[in-house]
Amino acid sequence: MSVDLDQTPRSLLVCDRSSFLDEKNRISSQVEQLHFNYKVSVLLPECSSAPSHLDSVLNSFSSFYLIRKLPIHELLDKHFLEMAVYQGSAYGVSYRTRIDEDNCVALMPNGRLCLTLDKDSFQLLGFEGKLSRFTHRTNSRYVVSVDLTDSSMAPGGRGYLRLLTGLRSRLHLKCDFLLSHHPGGGASLQPLLSHYDWSEHRPEISTHALTHLSCPAQLTSDLQSCDPHSFLEWLGAVDGDISSENSPSSFLSSFVCPEPKTTLSQALSISVCGLLLPQDVHRLIQEIRCYLEQPLLESWVSLTVHGFVDSPVSWGGSEHGVLRGGENFYTLLMFHDHTYHLHLATGAHDICPP
Amino acid sequence: MRPVDKKGESAVYQRVVLKNASPYHYMKVCLVLEDESTRLSAVDFKQFIITGLKSLFGEVGAALNFDLLKYNEETLSAILRVYSRGLVKLWSSLTLLGSYQNQACAFRVLQVSPFLLALTGNSRELQLD
Amino acid sequence: MSVFMDLNLSYTADRSALQSMVDTAAHLGFSTVAINYLFEPTAKKKQEIPTPTPINELIDQLPIVQGRSRPIRVLNRLTVVMSDSSHFRPTAPEYRSFDLLAVQPTTEKLFHAACMLYDVDIICISVTEKLPFFFKRAPVNGAVDRGLVFEVSYSTAIRDSTMRRYTIANAVSLMDSCKGKSVILSSAAEKALELRGPYDVTNLGLLFGLSDGDAKEAVTSTCRSVLLHAETRRTASGIIYTMRSCSESSCQQEAPPPSEGEAPAAKRHRPALTE
Amino acid sequence: MVRVKSRYLLCEVNVSDRSRLLLLDDRTIAVAVKAVVARTHGDYGAALCSVGFSVKYLNAHTGIVFLRLPKRCYRLLWSALPFITSVEARGQKIPCFLNCLHVGGTIRTCQKFLIRYNTQQLHRMLPKCKNEEEKQQVRQAILNCSLTRGKNEALEDELGSEEDEGE
């Protein structure tokens, strides 16, 4: 065993560069595959108040529901399946559970139910699953993933009954659950909501106006010349309200805006928090594209979407885990000529984003 | 650091995968002191962390570069930036710091990430009731 | 991975200090903690093995674990510091009232015995002195095979620079022998400010020579296997299970004879072996 | 049986006044190394240095010293050695620096290197000799190094036994 304190857990950053006009652009699938979005933040340069149509999109983000102490077998309820899972897309993720410690549950829009369980719970459940990719020496975490739209999982089917008895009579798995539905909203979720203690939540919008903001000047040039890490760092600094007005020799902080830089007289940073649907994010992107078509001084807008740290999946159905931080987010930098730069980032326990 | 070019078929579409390429790591920390009325200036705060580095990793540790990106004097919370290869050293010296001017103290590390953006979008901070 | 645990919070008679320690542990994200009673027999006079105070008397309200909706779980643990083989009495009924049983051997012979023979859960590694012996592979492997774990505690390293050197040196030489398997990291904190968050402890594990994955297991999965080991030890491999209320009353009845230092004759062959 | 892996550093103690070399002993070197490691690498370095570190051999006449370091951290400890500026011996402070000549996995490889190195040194000294008698002495010494095996083997045995005891 060697003592090497210089190593850090792996991290991945994928940088895509394409155009909305390109037939083969994959932006919509990349946006839709990140199912459980926690926060969306938009940075509008040279803008003092949000344009009304952008504002209305932000305000029309679907609301989501928190159900307290939901027994997970209720997700297999026949009415619920008919109302929410078979029609439209249901998004559900367990809340106040930690993926590296507890049992976590996710209901994906394609009708897949994903349970990541510790060894004891998995053995109690008695349903086939596979070993988590991210277990270390001991096999202590298992993933059970079932397709609820499959014929064997239809109510009354063999697999359905096995899972139902497992969840109902052996493993009494209960957790707080965040749930949302597209396009039905609360109405589709009624079969579930009516029985339990629940509350409706609106995505929380906060707006932050910035003035005299240093900004990298080369945002319009190609990917190579604008180092993605320093760009993301700068964006993070703007988001976190961190000053970049330092001299490189300063004792406290030598963080500066990447050179060459310009100064924006004003900028607007808007963020939305909650369980946000990819569909809403998609609408927001379309709206921003319209906004960019207007002749303006600065011709770019950036949009960052953070996934849930403790969601069992990140992009698509690929397993997600937490080693020290479960970051999974993407930043979309859009330009008025319909080109975009997309940066997808994940932490140590994730596979490469699409 | 291993940039892998997966697709380069046209000039329009370009994809680059960067593995472990983040030059920095970012830490959100908070200092808890026994006497809660004690206040530290940003310079004191950074100096205190350097003392910790020096005692655990000596002069080599004291020479480790890190930045105090943001500091809140009221809550004694800060965002630190450190070169990735110095992360383990900085973090462990924060962990083992036990006293500030003869009073007990503890650094609470709230989040660590290779991306500064991740620090503002942590879903573990979601409070709904 | 299982939940984060800190299986060593030092017991203090000061209730409020203990309460604040448990509160802090819950706030930091630990789901299970154990309150540790230290028993250090000396050669000269006989000492009473401490009896654990029931958790509900000790702590008024169990705090909710940070970011979760369940309260923290608190256990009792006894650590016997051994400088002589007579200090550990395998059949002492007092041991039975503790959830976890640990020994801290101070000589190589006792370390060997603890690894190979003693019916305990945890072997503590001294962090306050330079080890008088090396960790040999054979006893360490024996202990790993028997499901025992080694414990390194870090709060002394926070208190004092010299102790910090001993802690790191002893931990590193332990990791060399056991290759990172079956190690738990715990605090042994005496006050709330000596506790550190689970991810901090994980990072500290790297300093002790553990890998990323091993360090995280040292606060999660390995701790879970300790609890399971303790459970099987207390219930004779899960065959016999006594309810707490029964065992408490029987303890009180049986208490006088063992304090004379006598165990039933039939059970005495075990300590004889260890000498 | 698994061996405890070590690295042996062959260092040369350079002093301005060679007569003071004789004041050195194993312990003073060990103390100086430990102190400088603690200074440059702090408690962490000191902790690593406390297990598996020892001064295996010191030749007070030539100033050659063998340091044994645990393999897993020898780079870290080695990086502190250049910062030794003086050694405290018998109440005197001897200004000196350590020059690392060779790093080997066993004492034997270090010793082979040392013999080769000493031969080279003697070759270098040869032209500098003032009179024929001195030259003859140096030539004889070179021959001793490369030809006579008896002396070398004796040394090897001595070192070899130390090595065994160390594992």
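Observations, loosely collected:
Order of writing sets the chain letters: A, B, C and D. Residues in each chain are counted from 1.
Note that a contact is a pair of C-beta atoms (placed from the backbone, for glycine too) under 8 Å apart; a residue touches a chain by one contact, two chains touch by 3 or more.
Small disclaimer: the values here were computed from a predicted structure and weren't measured.
The innermost chain, defined by the distance from its C-alpha mean to the mean of all protein C-alpha atoms, is B. For the pairs A-B and A-C, the larger set of C-beta contacts lies at A-B.
Averaging C-alpha coordinates per chain places the centre of chain A 23 Å away from that of chain B.
In whole angstrom, the spacing between the mean C-alpha positions of chain A and chain C is 41. Chain A and chain D have CA centres that are 60 Å apart. Measuring from the averaged C-alpha position of chain C to that of chain D gives a distance of 45 Å.
Each of residues 55-56, 88, 92, 112, 124 in chain B touches at least two other chains. Multi-chain contact residues of chain A, defined as those touching 2 or more other chains: 1, 3, 5, 98, 324.
Of all residues in chain C, those touching 2 or more other chains are 67, 161, 164, 172, 176, 199, 203, 206-207, 209, listed in ascending order.
Against chain D, the residues of chain B that register as touching in their complex are 53-61. Remark: chain A residues 5-8, 10-19, 22, 24-25, 38-39, 41, 66, 95, 98, 199, 201, 223, 228-229, 232-233, 235-237, 239-243, 251-255, 273-274, 304, 306-310, 324-325, 327, 329, 331, 339, 345, 347, 352 touch chain B in the complex. Residue ranges of chain D in contact with chain C, taken from their complex: 2, 4, 43-44, 46-48, 50-51, 72. Remark: chain A residues 1, 3, 5, 9, 68-69, 96-98, 100-102, 118-119, 135-138, 140-141, 175-176, 323-324, 348 touch chain C in the complex.
Within the complex formed with chain B, the chain D residues making contact are 37-45, 79.
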